[in-house]
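Next up: some structures, all given as structure tokens.
Common to both upcoming complexes is chain A, partnered first by chain B, then by chain C.
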Partner chain A sequence: MKKSKSDIVFRILSRLFILVLALSVAFPLVMTISVSLQTMNEIYSADPVIIPNKLQFENYANAMASGNWPRYFINSAIVTFFTVVISLIINSMAGFVFARIPFKFRDVLFVMILLGMMIPTQVTLIPVFTLLRNINIFGGGDSGLINTYTGLVLPFIAGSFGVFLCRQFYVSFPKELDDAAMIDGCGRFSTYVRIYLPLSGPVLASLGVLKFTGTWNEYTWPLVATSGDEMKTVQVALTGFRDEGEIYWNLLMAATLIAGLPIYVVFFFAQKHFVSGLLAGSVKA
Partner chain B sequence: MKKLLAFVLALIIVLSLPAVAEDEKTQLSFIRIGNDEPERLYWAWVIEEFEKANPDIDIQYEEAAIGDPIETVLNTRFAAGEGVDIIGHGILSVAQRVEANHYMAIDEYFESWEGKDDIMPAVLANGTYNGHVYGLGYSVTPYVFAYRIDVLEEAGIEVPETWEELADAARELTVKNDMGEVEFAGFCYPQTGGNLVELDVFVYGNGGQYIVDGEPVFGGNEKIAEAADFLKELLPDVNMTYSSNEVNPFVSGSGAMTLINNAALTTMINNPEYDGKVGIALPPNNGTNASFCGCNMLFIGATCKEPDAAFKFISFALSQESTLKRAEMVKIPVTRQSLVEEYAEMDPWNYARSLCVTYGTGMPRVTWSTGFQTVRNEFSQNAVFGGMDSMEALEKAQKDIEFKIEG
Partner chain C sequence: MHGYKKRDTLSAIGMLAPFMVFFLLFIIYPALKNVWYSFTNYNLNVDTWIGIKNYTRLLEDTTFIKAFKNTCIYAFVSVLSLTTLGFLAAALLSKGFRGVKWLRMLLIFPYATSMAAVSMIWLMMYDPNNGFINKALRAIGLMGEKWLFDESLALGCLIFVNIWKNIGYCMLIYLAGINSIPEELYEAATVDGAGEATRLFRITLPMVRPVAFFVLITTMVDAFKTFEQVQIMTRGDPLYATTTIVHQIYQYGFNEFRMGYAAAMAVVLLAIVMILTLINFRLNRSNESEVGIG
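Now for the complex of A and B:
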């Protein structure tokens, strides 16, 4: 079928629009890479520099030499790993309960959990800090769980969004599965472990990817709940390239790009789960 | 499944091993504003030397970046009742945190401190509030008058000391293109920004004040109006538009003179291209020697259980030896009068830097200092750049600040 003139114009315009959109999204990343390879004099130059005169790869080495970066990466990795693993277990179990086990006030409780999604982290910062400071179990010292890995992991292992995501996923399972499992002698817990969990790959992958990026990028809680260099995470450490007079943009951009590496890798291998996680709940179960 | 649960439980217990070993020493927590490497190295040196001299005291050092991070950490700690023993923070924190009962008055300690009569009065003033001493300055960031030696010499112009000389020099050094646009600024002055302290330098240099006895005095203030009118007349001829949050065109080599934070000048001074071409002086004035000078101070937290030990650390950090070491390591002007000569020997421009500290005034120590910042910036916009009559702009500023104070 021959395309009309207006169709062709529309296609050209829409592609141009997409191109402009793509360039505007890519530009900050290009500038981040460019600035990470510039000298401070180039950054301060009156004429903006996009392609540096000489690529300053040593900025990356200098950025990593400024502070105890291996320690920061280990801290972030430990916190992220345990947060993701434990949160997947807790969220999927809670999601299963809300989807499959009828009990009194279940819906009210679920709505209350959903309300948690509307409360910003800043509001709960001080209560959570006070709570963890006064928990002296699990090896907490005078400052409770502040400045411990547990203190960094605990507030993020159960989240409203995760429970919601899992619940929505399990609700779509046919009820006959539960009946069949019961006939075969499974209790509630057994049904969850033997039937639901093996089928939970997609939702756990989506939640895992979102939890991973969220935890790796978390800034405020590690800032407040850690003291000293030993417990710093990468996001908190990134603020170290600024002093009273100026910001060392080249080092900051170099460190930012390195700090984001785990995210790029995870996103590259699991981007379909990332997108499906973002779309979760958009269609009524 | 029981095995899985047991595994998770075991992990949690292992993970929660205490981060800090407890011992019999006096533990003092110390947080300072900023987290740059040179400062970190300096404080590591101070703490190491202090702990060597005082083996019974253990300093637990931490830092938080300027702006929201430090405020978030402190607010959370104090709201949770934990607090911090020693706090390194800026002038803007003084009134608000004293009123919030976060800082302890240290008058008694100060009276018996060996450096009491040696600390520069302008630096000491930053840490006093309602007649009490709360903080002692360790880090000063004066605004200096920076100029291009080569450009001034080529034009045969002396370093300006008065407003008139500044105006004449700036006009002569400005280069414009065929369109009449400034290509090389005679005097670089920010049009916008977060905190336009450059205006303060001119107001103070004219003998003016924004606040007297804790009350705002914008309305009908001729000294402020004169400063604004001087800039209003001069800047269109000699300046190029930029924000104080951006790189100053002077640092990029596009200006002959400017007012700039001493620390922000470091990159230019270290640039071989400008080697020997950048000079520093006290800002030109209209009868009163003046500059703006930021200051970070050491405070004792109101919740501190060991204030004697905390002040021992503060006095160690502000000793002559530590202050000189700091000037060497961090390139920060000294805060003690007796050290100015030694500091000047480190760099020929250090004497001018010290002058800017000596005559420097910081942000006002009032609970409404954030509101003051907004109103002063708006006044600058209206009177210097916006075409509003300066007296009219001052009346508006007075009304605005009173509204902000009343809440």
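Now for the complex of A and C:
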């Protein structure tokens, strides 16, 4: 039959496409692991080495010793932790207000927040830098809050995407919940704390995973807002390898993998939330 | 209408305040301030009003024009590749076969990885002397290329990295769209004798058009904001072949401290992103009434 013939061709072509795609995505990752376990001799040799002769696990230790890596990890962890926790609290509270509490100018404010979502951080980079440079409270020194944890965290928690995400989530709750809570004598805030917050698991997990990945992976703001080795985050420190005269590719690839480790752990165990967060942001209900 | 309760208004203000303070201070105020800066010669010390001089200078700045062109090429090729490859990947990986979950996970993996790490991985791959690509090419008797150091190849290399990193994201968005297509459509088509290819191009493709549009806009906005891979991998070299709008903003803002001029570039970027996003909002709304995606 003619039809089944074209089906076979289609099937072969589609399998081929998937194969090529999977290989081109996987191969650089495989090479990253491979190079991280090679000796510099293997890297300098003309042959393309895929499986190292002897796995050099000490590369990982050497990579971490090639800079103040414990410090970079602590810096990234502190910045990420405070960004995630503060964002979750203030975003879900604001999301609840936009979903449930009627007040004058609510719609105007919400439109402003949607507009705020469009503004690229690259556009506000310079004014945010100069603003933080001029704030001398909260532990700011001569250069204000530049090169402090506060200065690293503040711009990250201002993003309005989380408010939008939480609002969409709370809007789908039945209004009767609020009425019942009111009859029991709950005010708006205690309704939020006692009823909405305990039911917020899914949205907070998605938002939390997205914020975690976004903050840990961020490069531009820490690049601009830190100076010197002390305050470097993992991502900024990683790119420092490039500026050295001779690049130790094996150590660099080892560091690259270690720098991504927290993300890979979260990604592996919370893939569902990662995906649902991405989708919630893309498909507007 | 005066139907608002005073107590409600007070709770709303109280619960919104923590977020609004940060939002106004670190997004709205800086965005407006940036527009102001763009009309001054601000350089951390002085900021004198100089009218539209920054903007007229932009039009004559050959480096900025080059950056604008590069960004457009980067966006165009990335978007075209990601919308089509992402669709094909999603359509072919939407059916359950053994290992499909692992394949999907593999494709999303680079998306979860930071751009800094991805840039390092590709610096290693592209390295002219010790990089794997050239080693492999030489092993089969070819010369190898200078990749990121070649004026005519460098931008293409960066675009490829962008596609490599983001294809998983596009696939995910398409998958959500494909999964919401009613199964009956396919059954009916099969009864009518439609083959797999026909079903792909006659049912799946038209049904995911709104999703495709969303992918197109988000990848385009993303491409216009390209900075990290440029800063890390090429610094805009060779001969400005890979410099982008945001890379120029960074150069003028934080290396030369001509922040007023950089602010004018940022306004151009803001305008582009705003227009793209508004088109997306518009079409998203009109699509929703016809096809419920979600």
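Here is the rule we use: the second predicted complex is superposed on the first by the 246 of 285 C-alpha atoms of A that agree within 3 Å, B and C clash if a C-alpha of one lies under 4 Å from a C-alpha of the other, contacts with A are read in each partner's own complex, and residues count from 1 in each chain.
Here is the rule we go by: a residue touches a chain if its C-beta (ideal position, glycine included) is under 8 Å from a C-beta of that chain, and two chains touch if they have at least 3 such contacts.
All values derive from a computational prediction rather than experimental measurement.
Bringing the complexes onto one copy of chain A puts chain B in a clash with chain C. Of the two partner chains placed around the shared chain by superposition, neither chain B nor chain C is touched by A:Leu16. In the superposition on chain A, A:Pro102 contacts chain C only, with no contact to chain B.
By the touch criterion stated above, A:Met253 is placed in contact with chain C alone, chain B being left untouched. In the superposition on chain A, A:Trp216 makes contact with chain C only, while chain B stays out of contact range. Set against each other, chain B and chain C differ in how many residues of chain A they touch, and the higher count belongs to C. Looking at the shared chain after the overlay, A:Val224 reaches both chain B and chain C.
When the shared chain is aligned, no partner comes close enough to touch A:Leu55: not chain B, not chain C. When the two complexes are overlaid on their common chain A, residue A:Thr239 makes contact with chain B and with chain C alike. When the shared chain is aligned, chain B comes close enough to touch A:Val153, but chain C does not.
Contact with chain C, but none with chain B, is seen for A:Gly116 once the two complexes are overlaid on the shared chain. In the overlay built on chain A, none of the stretches 21-29, 111-119, 165-173 or 255-263 of chain C clash with chain B except 255-263. Chain A uses residues 43-44, 46, 89, 125-126, 129-130, 189, 220, 223-224, 239, 241-242 to touch chain B in one structure and chain C in the other. The touching residues of chain A, counted against chain C in their complex, run 3-4, 6-7, 10-11, 14, 17-18, 21-22, 24-26, 28-29, 31-32, 35, 43-44, 46-48, 89-91, 93-94, 96-97, 101-104, 106, 109, 112-113, 116, 118-120, 122-131, 154-155, 157-160, 163, 187-189, 192, 213, 216-220, 223-224, 235-236, 238-239, 241-242, 249, 252-253, 256, 259-260, 263-264, 267, 271, 274-275, 278-279, 282-285.
Those residues of chain A whose C-beta lies close enough to touch chain B in the complex are 40-41, 43-46, 66-67, 78, 82, 86, 89, 125-126, 129-130, 133, 137-143, 145-151, 153, 189, 193, 220, 223-224, 226-228, 230-231, 239-246. Those residues of chain C that touch chain A in the shared complex are 3-4, 7-9, 11-16, 18-20, 22-23, 25-31, 33-34, 37, 44, 85, 88-89, 92-93, 103, 105-110, 112-117, 119-125, 127, 130, 132, 135-136, 138-139, 164, 167-169, 172-173, 176, 193, 195-197, 200, 214, 218, 221, 225, 227-228, 231-232, 246, 249-250, 253-254, 259, 262-263, 266-267, 269-270, 273-274, 277, 284, 288, 293-294.
Chain B contributes residues 1, 4, 8, 11-13, 15-20, 22, 29, 31, 34-40, 60-62, 64-66, 69, 72-73, 75-77, 79-82, 139, 141, 247, 249, 251-254, 261-268, 271, 273, 294, 296 to its touches with chain A in the complex.
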